[in-house]
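Across the two complexes that follow, chain A remains constant while its partner is chain B and subsequently chain C.
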Partner chain A sequence: MNTIKLMLSATALTSVVASAVAAETTFRYGFQGSLGSLDPYSLSETFTLGTLTNVYEGLTRRDENLQIQPGLAESWEIIEPTRWRFNLRQGVKFHNGNDFTAADVVFSANRVRSEGSDLKARIPTDAEFIAVDDHTVDVVLSSANPILHSEWHTWMIVDQEWTVTTDSVQVTTAADTSVTTISQETNGTGPFMIAEHTTGVETNFTANAGWWGWNGKAPNVDRVEFKTIAADATRVAALLSGEMDLVYPVPPQDIGRVESNAATSALVGPELRTIFLGMDQARDVLTYSNVTDANPLQDVRVRQAFYHAIDAVAISARIMRGQATPSALMLAPSLFSGSGAFERLAYDPELSKQLLADAGYPDGFEIQLDCPNDRYVNDEAICQAVAAMMARAGITVNVNAQPKAQFFARVLAAGGYDTSFYLLGWSPSSFDSWNVLTQLHGCRTQNEGTGPFNIGGYCNLKVDELAAQVLVENDAAKRDELIAQAYKMTTDDVAYLPLHQQGLAWGVSEKFSVAQRADNIFRFSLITAAK
Partner chain B sequence: MSTDYQTNEAKSLLRRVLDSDIWYSFKKSKVTMVAAGVALIIFLAALLAPLLAPHNPFDLASLSLMDSLLPPSWTGMGDPRYLLGTDDQGRDVLSTILYGSRISIAVGLASVAFAAVLGITLGLVAGYMGGAVDAVIMRVADVQLSFPAILIALLIDGTISGLTGGVNREETAFTVLVISIGLSFWVQYARTVRSSTLVERDKEYVQAARLIGLHPFLIMLRHVLPNVMGPVLVIATINLALAIITEATLSFLGVGMPSTQPSLGTMIRIGNDFLFSGEWWITLFPGALLAVLVLAVNLLGDWLRDALNPKLR
Partner chain C sequence: MIAFVIRRIIQSIIVIMVVGLVAFVMFRFVGDPVNQMVGLETSIADRELLREQLGLNQPLIVQYWHFISNAAQGDFGTSYQYRRPVSEILGERLPATLELALVSAIFAIAAGIPMGVYTALYRDSVLSNIFLTVSLIGISLPSFLVGILLIFIFSVHLQWLPSFGRGEVVDLGWWSTGLLTATGLKAIILPAITLGLFQMTLIMRLVRSEMMEVLRTDFVKFAKARGLKTRVVHFGHALKNTMIPVITITGLQFGSIIAFAIITETVFQWPGSGLLFLQAVQNVDVPIMAAYLLMIAFLFVLINLIVDVLYVVVDPRIRLEGS
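Moving on, here comes the complex of A and B:
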């Protein structure tokens, strides 16, 4: 039934588009990865969520400089430390014509915390949502949380009536391949609507002329077409040939080519994503190593030896061609005022050998490095370079590069953290250190919900304590001081081996200009057609 | 005495080769001689790679990232140590090509051998036994023939990788490639051998062998097989070129040899990412070598087919 309806509406739309094609502006773009389920609670991944924020909206949103702006909530205030009040925007309609009310917010708050949701951490489990009237919602917390709404720009509000009547209340998980209405169709309040969606291939959007944010003006573009183009060279070729108006990421080696072409230019900037290596410190014996009676990575000297063996400056300069900044911390320096006090351990293979010998491995050992090959910029090349560098310190690294689907399935919690040594990238979606301290460094064993992405199982109870204080500290200077203390511990422990912040590189046609956000989220409403 | 006998034997074998129709037709075709020469040089260079190559691209400790992406030395911007330049990891392109063609040829030969053994066995059994066995084997072959070989190879490769969970790619890649390419090429051998066997099995010498009570297995192996080998040789030669190309295709698609042990196809895949940025040497040299190698083997296969075809004499 649903498929037939979808097909009929798609045909109807195509004919409408065909008749009005002369006056339309269409914007076409390509990205390396694909868009799967359209359910906004399926997968907590930057690209999927970022794309859907053009269709659905949260109570807040972030502008091009990542500052929190009013979204579906016009304003909010903290009435008591544990009670927040959100005043909702009036007169907003979902794409199907339903009114947006407080009931939708309460419904969405429950659905995003229900079984199968990948975004449960957006809202504390015990927070209570109360609809005061049709356009006021109170959030009652069990303890103060000054950064409650910091990740809410990617928690999107769905229409209660539509979700219930289409039998879509149950969240479609990322692993679920069954077709539900909400995974194939959308009904948001945002500036664009999805007209056609072919999972993993292409998605077409049309402008929602009735969006409140247009402020009475006509939409900037009438139609947006998205295609997945996985191969780097093909993606760049599509831009150069004029088939695409925007492609990202542009691989570092092709930035010059895109710049030198008269009809295109490269938009580059620092991304907030930190690329790092993680080490299994939890198991007593490594799964993928020739050391079968101990876990050498539990010894801090071995972790230091790994660190000293890696020349992150050379990786940034050669593999990333200068489009990356070597990093000493697990988050971008612009997100923490005290980051200047931290420095990388020096590249020194001789010291590595010495440290390994001290730790009882004078001849090094063998270990497997798990690595995605289609997720981050030049990810597989980075892993290979790491293997070559560590070979000089006497450590034999076998690179196991896999597509992200298999890689994540093994390495993340769902696969039981099945790795000994891995490469990963992280950008805190709250743009704040607390996210990094709890999600990446929190002890997995302490209580459920901490350290979900702490794959290596690093655990320092003092860091957990500091993170808890960071969450409730309101004084900015004191808070930064606590964060600095926590980072001092994690870097002294060599919890991770940070490599670099990768650079953003978008290739844009001269026909349009776009706003590039440092979290790599692309907002259609900020496209402008060149005069 | 016995030594004389062996010398005579050797001499007569050489004599027989030099007097044969095949050698005559080989000498007559200049194209074939050139192709054979080129193929021989590439095979020898690949075999002797550890002796000939200026660097060992598999010795990770010898690589330096600071030497990466150097152009060929004659362009004036390169480094004299690297004649054909270096790739994105600082590997010498010339050495990597030598080692890479070694892997390509090894995968090609091994998968052809695998496909031939499998196809000949099934073809012999189908042709000699007939009946239900024949029907089953040939229907399976028909089904498989309706798919392109590369699709079958991708399917088998994907299945094996799925079963092993995709771990230890470096150790299993070679075997997985040989099995998946071999399994996708056995049908041609089976069909050819079966049809020849159908002709041979009713001949008098086979009936005689059967009469004296030889086991069917021995009859197939000792009596039928030698008489159906001619066409198999032709198919094997042409399939060698196909297998090398298939390996390159799979590696280019990223499901073949990993980039730490690059074959020619893997090198072309790596280089493909650098075509727009002007680092042409990473793709061009392995690509050219692959084209020349496959062309030479194909020409040899064509010539062998004509030389063994009685209708063309």
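Moving on, here comes the complex of A and C:
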């Protein structure tokens, strides 16, 4: 009898404790990938950096609509064309209690450009950082650069004193055999702190009540728990069963299921990533084709024929189940003011046949399409649809779908651009056209550093000239005009075959609402609990 | 006897070395690790530098030699993805896999033997037919499908059991266990059934056929003729004699339970070594792949070695051939 009483009171006690814990809001989310090193300069990859921006902060931030907002810098101005002044936020403290000062910014600027950093491109190598006083930093450039700060929301500021004393100045690279503190622990200024981190399994965050951005209010949630759930079906099941408050990505075929469940809803929106097909225009003879004496893709008519043969609207509607928008440009329309002026070439297999005949291939030809099968949403299915569509125009496309690890090893520079026709996705890390013009359209032959992702080897010197002007033009209107000119040339040349902007799909519990950013970065401070 | 064991151990070492070499040759075809280790915009020069630092430019046989000689000293290198020593990560993940394998083996035995006995004794009953049909499903359905079905029934619809993960774990020194917490126990049920289903049907069918065989033998008939109780004849005499092959198979299958856990761990996001291996394959994390394969090879070799030694102890004929 006594034991039963004891057990009863014990149960009562636990339920009291449980309700006290429940008053604290916990937000649980699952993503397909995992968090590797916690060093914010180790890997330039969206999920890693995006997650760490909840812990560390940059001088700037991006809001829900990706507009640049003040972060650790309250304001900035271009005092001379090549000299920027950043006024730092005062009274900000790192999680360990250290003050945030100009010295930390200068230190971080040097560290992010040091050996082993994967984020060297965030700052021009010859930019000089000068601490004017404790809360003012000047950046002196060798030439004007209107998009200097465009990627600084993911260049996070680390604490000089902490990094030095924990022996973490050297950026952790994969070649290191010793484990540094900064790759396993964090010390930022951001709204959340990492409480527990189990490599590749889960990471738990607790709110930093002293964060400047709460503006004196209590944090929106007290605790955030992240877990990796790699299998699509399991991830969706975890949301439907109420074990998770947010999961992403939700595969297109499961969106209906998430919507029809009363306790969950799907949050969909356009992503910045453009899915496109590229064509080898560099080699004199294609490697993977039955045309052995010439490269038909060097003829603009053949490239136009390819374009007209593909029904991108049908791909977006059927393969992507509406979770994509057909695109005419090689970057998301929201990132360029003049994108409305560009339109896709119409789907017209007859015209396509005509163009092929004009180019000397009345019976079409055979070509291999290289395609990843685990990188983009429905990537392999897109390639198969493309093959079926192009068959109608007389072009025989053999799809070669491979896991991303093998695919990238072959088609990128390290593999010697070993492809004739390929599918790729691109989102400009700076959210700006200059990135697209140089990385995807810049001539590869000029020097090794340019156009590293121009796998097809498209080359138009006039486009390169325009890109060089775009880089240094501080006047926004003039700059957009130059960009439009460059895009006019690349689309007339049919440098690429853009397909669509991939859609984002998150599954969210009705208990919370979250902000979905087009760059697929999830910011914890924008979670709101439903009342 | 000692000579026999020593010879076996030398053979085992050779097997492990060969597995390591085969694995290394295969790694050439899984892709370029450097691509997975840097962001998209890292320059070609930086990529080359990293390749050089990692020793990926060295001939295969040199890389293999470095790996084997370091592994012999317990150093499996640093994971490309996580930038931490592989031995440390494997050590963290192994308890989860071993616990899952153990629980599913227990489930397979505890359910498989009674079902096997029942179906042997009451061959034509309705329940026997149900058991046999279920076992057919267990053998023919792939385990990822079984896992997903269980998740949709017990997690999404009934919401009784968690759909993924290990629940809360308790750290006992270097071993972390989920068997001491309520959430941990709930979390292991579905993965253990998924992983153990195949073994369960195997054991059930094995017990059934062995039992039917034994029931026909003379000593059982004689025992019946002596007027012994049916229960004693069935469980005291017949079942005991069916156990020898069952124990052998169960022991040998334990290795494959651990190896097959890869699929179950993926479906249930079970944070064990199988899931770690699969993610390593996707990300071309060569040090983890190599260490995992060696570990599995070691496990199989160890189990086989123990079985061999036990045979020698049990069966004098082998001992005679050896000497």
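Basically, the second predicted complex is superposed on the first by the 392 of 531 C-alpha atoms of A that agree within 3 Å, B and C clash if a C-alpha of one lies under 4 Å from a C-alpha of the other, contacts with A are read in each partner's own complex, and residues count from 1 in each chain.
We take it that contacts are C-beta pairs under 8 Å (C-beta built on N, C-alpha and C of every residue); 3 or more make two chains touch, one makes a residue touch a chain.
Since the structure is predicted, the reported quantities are computational estimates derived from the model, not experimental observations.
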item	value
Touching partner for A:I315 - first (chain B), second (chain C), both, neither	first
Which superposed partner A:R392 touches (first chain B, second chain C, both, neither)	first
First, second, both or neither for A:A237, with chain B first and chain C second	both
Which superposed partner A:A121 touches (first chain B, second chain C, both, neither)	second
Touched partner set for A:Q253, first chain B, second chain C, both or neither	first
Partner chain in contact with A:Q406 - chain B first, chain C second, else both or neither	both
First, second, both or neither for A:A381, with chain B first and chain C second	first
If touched residues of chain A are counted for chain B and for chain C, the larger one	C
Interface residues of chain A shared between complexes with chain B and chain C	231, 233, 237, 240, 406
Residue numbers on chain A that touch chain C, as the complex places them	30, 34, 36-37, 39, 42-45, 118-121, 172-177, 179, 183-184, 198-202, 227-231, 233-234, 237-238, 240-243, 374, 403-409, 412-415, 429, 439, 448-449, 452-453
Residue numbers on chain C that touch chain A, as the complex places them	29-32, 34-47, 50, 53-54, 77-78, 80-85, 89, 92, 148, 151-152, 155-156, 159, 162-165, 266-269, 271, 275-276, 278-279, 282-284
Complex contact set, residues of chain B against chain A	59-61, 63-66, 68-69, 88-90, 165-170, 254, 258-260, 272-279
Contact footprint of chain B on chain A as seen in their complex	231-233, 236-237, 240, 251, 253-254, 256-257, 288, 311, 314-315, 318-319, 368, 373, 380-381, 384-385, 387-389, 391-392, 397-402, 406, 410
